[in-house]
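For reference, chains read A, B, C and D in written order, and residue numbers begin at 1 within each chain.
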Amino acid sequence: MTATLYGLTGAALVGIGLYGLIVRRHALRRLLAFNLLGSGVFLLFGAVAERAGPGGDPVPHAMIITGIVVALAATALGVALVLHLARETGRAEPDPPEG
Amino acid sequence: MPPVAAPEAGFPWIVLAILLPLAGMVAALPLGRHARALALLLIPAGLVVALLLAAQVWREGEVTYALGGWTPPLGIALRADGFSAVMVVTTAVVLLGVALFAQSSFRAPPGEETRAALLFWALLLGLWGALNAAFLGNDLFNLYVALELLTLAAVPMASLEARAETLAAALRYLFFALAGSVLYLLGAVLLYGAYGTLDITLLAERAGPEPVTWAAAALMTAGLLAKTALFPLHLWLPPAHAGAPAAASAVLSALVVKASFFLVLRLWFDALPGVMTAAAGQLLAALGAGAILFGSVLALHQVRMKLLVAYSTVAQLGYLFLMVPLAGGGGAAQPWDAGAWSGGVLHAVSHAFAKAAMFLAAGLFLRAAGHDRIAELRGMGAALPMVTLAFGLAGLSLLGLPPSGGFIAKWLLLTTAMASGQWWWALVMFAGGLLAAGYVFRALTPLLARTETPVLPGRPVPRHQQWAVLGLALCSVALGVAPLMPFALLQVGRPEAAEEGIG
Amino acid sequence: MRLALDLFTILCVSAGGVFFLAATIGMLRFPDTLTRLHALTKADNLGLGLVVLGLLPRMEGVAEALKLVGIWLLALLAAATVAQLVARAALRETAGQPGGPPR
Amino acid sequence: MTALWLLDLCLVAVILAVALSAVAARDLFAATVFFVAYGLLIALAWVRLDAVDVALAEAAIGAGLTGVLLLGVTARVHMEARTPGPGRGMRLAIGAGCAAVSVALAAAVLSLPVPAPSLVPAVEAAIPATGLGNPVTAVLLAFRGYDTLLETLVLLLALLGVWSLAPDRLWGGRPGLRHRARPEGTLAWLGRLLPPIGLLVGVYVFWIGSDQPGGAFQAGTILAAVWLLAIMAGLSDAPPVRSLALRLVLVAGPVVFLGIGTAGLFVAGAFLGYPPAAAKTLIVTVEAALTLSIAATLALLVAGAPERAP
């Protein structure tokens, strides 16, 4: 029951994160949306683990920790890129100006 | 229960193939200015390891290795079949050429450590380790980590020059790559929920054609396509690949995009062979056809040489996906499957050599002329004959003209398209070949033009760099002359679907 | 005895909850940074303190109880410091403006 | 049961509301604050899913460090996006597409098989060979140690990537700006008071990780936070990136992991294997080295590329 509820929440978070990643233009907003999206995937995985019974399946738990660390590493690189891009161009978005 | 001992096999070359580059990357940081020497030592050693691994696969068949002695589904296994062995060897050979090329451009003054010199070699070793981890992994989650390792090595490579436009290109590359890996992971999560394992071999036994599996396959494929830059998800590739230093572009275009393509095939043919439908295979090939036509037309319109080469990558990646329906993805086994399989893989390999050579050649033209505007490179052919020859030979392979690896690859794909009655893909290949001829000759014509006064390179181009470029181009041609050995090796570890008959 | 302890827990935790609620409303409704901070730190600390107090009798040993008190002390410390820093930043920002402190 | 169910419902509702706010918020700073709050709420969700190890990692890394990273750059990147986003109709279409993805995923979740396949029995059968009590640590360091090895290399590569953005003339210098705080000020006071406590908590979380929730990643993050606090309070400074000592600390974890893993080839018959008699000692040794390297790597990832000439 709990597992299903959080699994559905994870599914909803994936949609929210995906929307932010596609619609937003500011690079930091996109990084933030990527983190939401990732967290939704992890929550879904956590729900899968919880379905195994009380205490949960430790294998997905370990994989989620790995995923969280990897997401942080990617976010750190993204933040550094945005900072330097903003310094070089005064813009915080990777897409070329329109027109 | 004590851990199960690893199966008694020969020497674990498969572990060494991953360990060597990764240990090198770790050691590069404290070694500082000696990182270049370390990399120049490790890369030839790694080629030897790759060849020994290939020999092992050749002699003994598929090689598997349970890491830590813990067998799947609890532990993680490595697996090398013919395809992985070929990719590992290709990677090592391309890296050898690139390292030979880069050893003078990423070299710090004696006794000093510079940013680019340290980081290029450290990232190159990391990228190499990540590629081998992706080619040899047999666990879908572990492959996710390997893909992230690859992304985090490749993105800084693309922005190594830290100019405004390369920063923007790298950031866009990062977004596509991250979105791709999240989708891939999401699919893996669903598979774990449904089957309780992420080991590819076990999944092949357990997974059946059900909605959950289709959803997982769709998500993972979409994610991998974003990383492979298959049309219409190709937007990030040209600026990222064209903006990097030549040696980095060569690695990114020749090898990095192939890793996610490799995983698409792993997923469709090895992990979920009974799940794919014929319609899905046709859709994938249709995207490939779009890439061939769209990428080639865009390549024709480029003014700068490096961008032309980058758009040609977009186009050539399309051919790789034509092999999916031809090699029996989502259908019963057919006699022509093996031919299509060999053709597709041979194309991946010969394109790796050809594209590395072309990017390095473009880098040398850029260095000699101070710019890479195609129209203003008139007469460069006389100034740099060896490089121009290499560019031409590599172009030969892209066009699919004999004798070259590209010719054999495209020939195999064409004949299987006809044999399987899917003539429409043959039409696309003909059109793609004509368009490729257009953009290759467009780049070659000014180079070969006669000028009144002989053109002199603005900056001298070292001899060894020219040899490196020519060597890689010759590799791509040589594949067309002596292709028989890789054919048989490629079939090692092929599932039933592609094992019947030789095309 | 058991009933008395349960009652104690319920009372303390509920009271803590009331303080949290009050603090949240205060943060949303108060007009400026300083009064908001006032609502946050005072009521937050008291609220968390009451929750911790209410949970103390349910701990399995002295070590567990001490850990709980430790958490409360750390939260106090963090809240106090952050409040200080935010207040200083707010003062600097409003300095010289009407209604703000002299420059 | 009903009370807990109610709690779950409330938690889920707040999580979704905060996530939506983080995406929809008008300005970047507000979005970031929502994101940090979201991370803490998700940590609670992990507790409800019986995943205390993940809850610790999420609170420390997902909410804590990611939040600090984003807040830090928000303070330095003021510009708003200039390219207009997709128009209203397009946004609606994208929203509908994303909602469809969510619905499909929800259907997939509801269609997962019962009973759920799991590796719980396999872990229970194999864990005695590791001498550990915490199954998550056993998975991370033994059964799937290869994942963890690659993951620490991901962190190291990310740091190299961040450093690669430094201008050539600043290479070898110190990352970030020098922070100064008034020596008698609150921040400096906190910077003196908290590190000993944080150090203690970090070591405790590492040590307890072999048998209870905790471990190298959580402990490393706590230690990184302590170091960052000391840097922000002006009590310490980020070391120059050319420092050999720093580089040795950064690679210590991977080196020890690779070394013990390679030794496993000879003493346990497989790369990354441990002989059962010495398994726990070896695993704790690897974890200790990893904790140190993770702490240094994470702190420097937040500190950023070199910005001061050597």
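Just so it is clear, contacts are C-beta pairs under 8 Å (C-beta built on N, C-alpha and C of every residue); 3 or more make two chains touch, one makes a residue touch a chain.
Because the structure is a prediction, the values reported are computed rather than measured.
Counting C-beta pairs in contact across B-D and across A-D gives the higher total for A-D.
One inter-chain figure worth recording: subunit B and subunit D are separated by 31 Å, centre to centre, where each centre is the mean of the chain's CA atoms. Look at where the CA atoms of subunit A average out and do the same for subunit D: the two points lie 13 Å apart. Averaged C-alpha coordinates put the centre of subunit B at 57 Å from the centre of subunit C. Per-chain Cα centroids separate subunit A from subunit B by 27 Å. Multi-chain contact residues, meaning those touching two or more other chains, occur in subunit D at positions 105, 108-109, 112, 116, 118-119, 123, 143-144, 147, 151, 154, 157-158, 161, 165. Residues of subunit A in contact with at least two other chains: 14, 44, 48, 51, 59, 63, 66, 70, 73-74, 77, 81-82, 84, 95. Within subunit C, contacts with two or more other chains are made by no residue at all. Pairs of chains meeting the touch criterion are A-B, A-D, B-D, C-D.
Contacts from subunit C toward subunit D in the complex involve residues 74, 77, 80-81, 84-85. On subunit A, the positions that touch subunit B within their shared complex are 14, 21, 27, 30, 34, 37-38, 41, 44-45, 48, 51, 59-60, 63, 66-67, 70, 73-74, 77-78, 81-82, 84-85, 88-89, 94-96. Across the complex, subunit C is touched by residues 186-187, 189-190, 193-194, 197 of subunit D. Remark: subunit B residues 1-3, 5-6, 12, 15, 19, 22-23, 25-27, 29-30, 32, 65-70, 73-76, 113-116, 119, 122-123, 126, 129, 133, 141-142, 145-146, 148-149, 152-153, 155-156, 159-160, 162, 167, 186, 190, 193-197, 210-212, 215-216 touch subunit D in the complex.
Taken together, the subunit D residues at the contact with subunit B in this complex read 104-105, 107-109, 111-113, 116-119, 122-123, 125-126, 128-129, 142-147, 150-151, 153-154, 156-158, 160-161, 163-168, 171-172, 242, 244, 247-248, 250-251, 254-255, 258, 262, 264-265, 268-274, 276.
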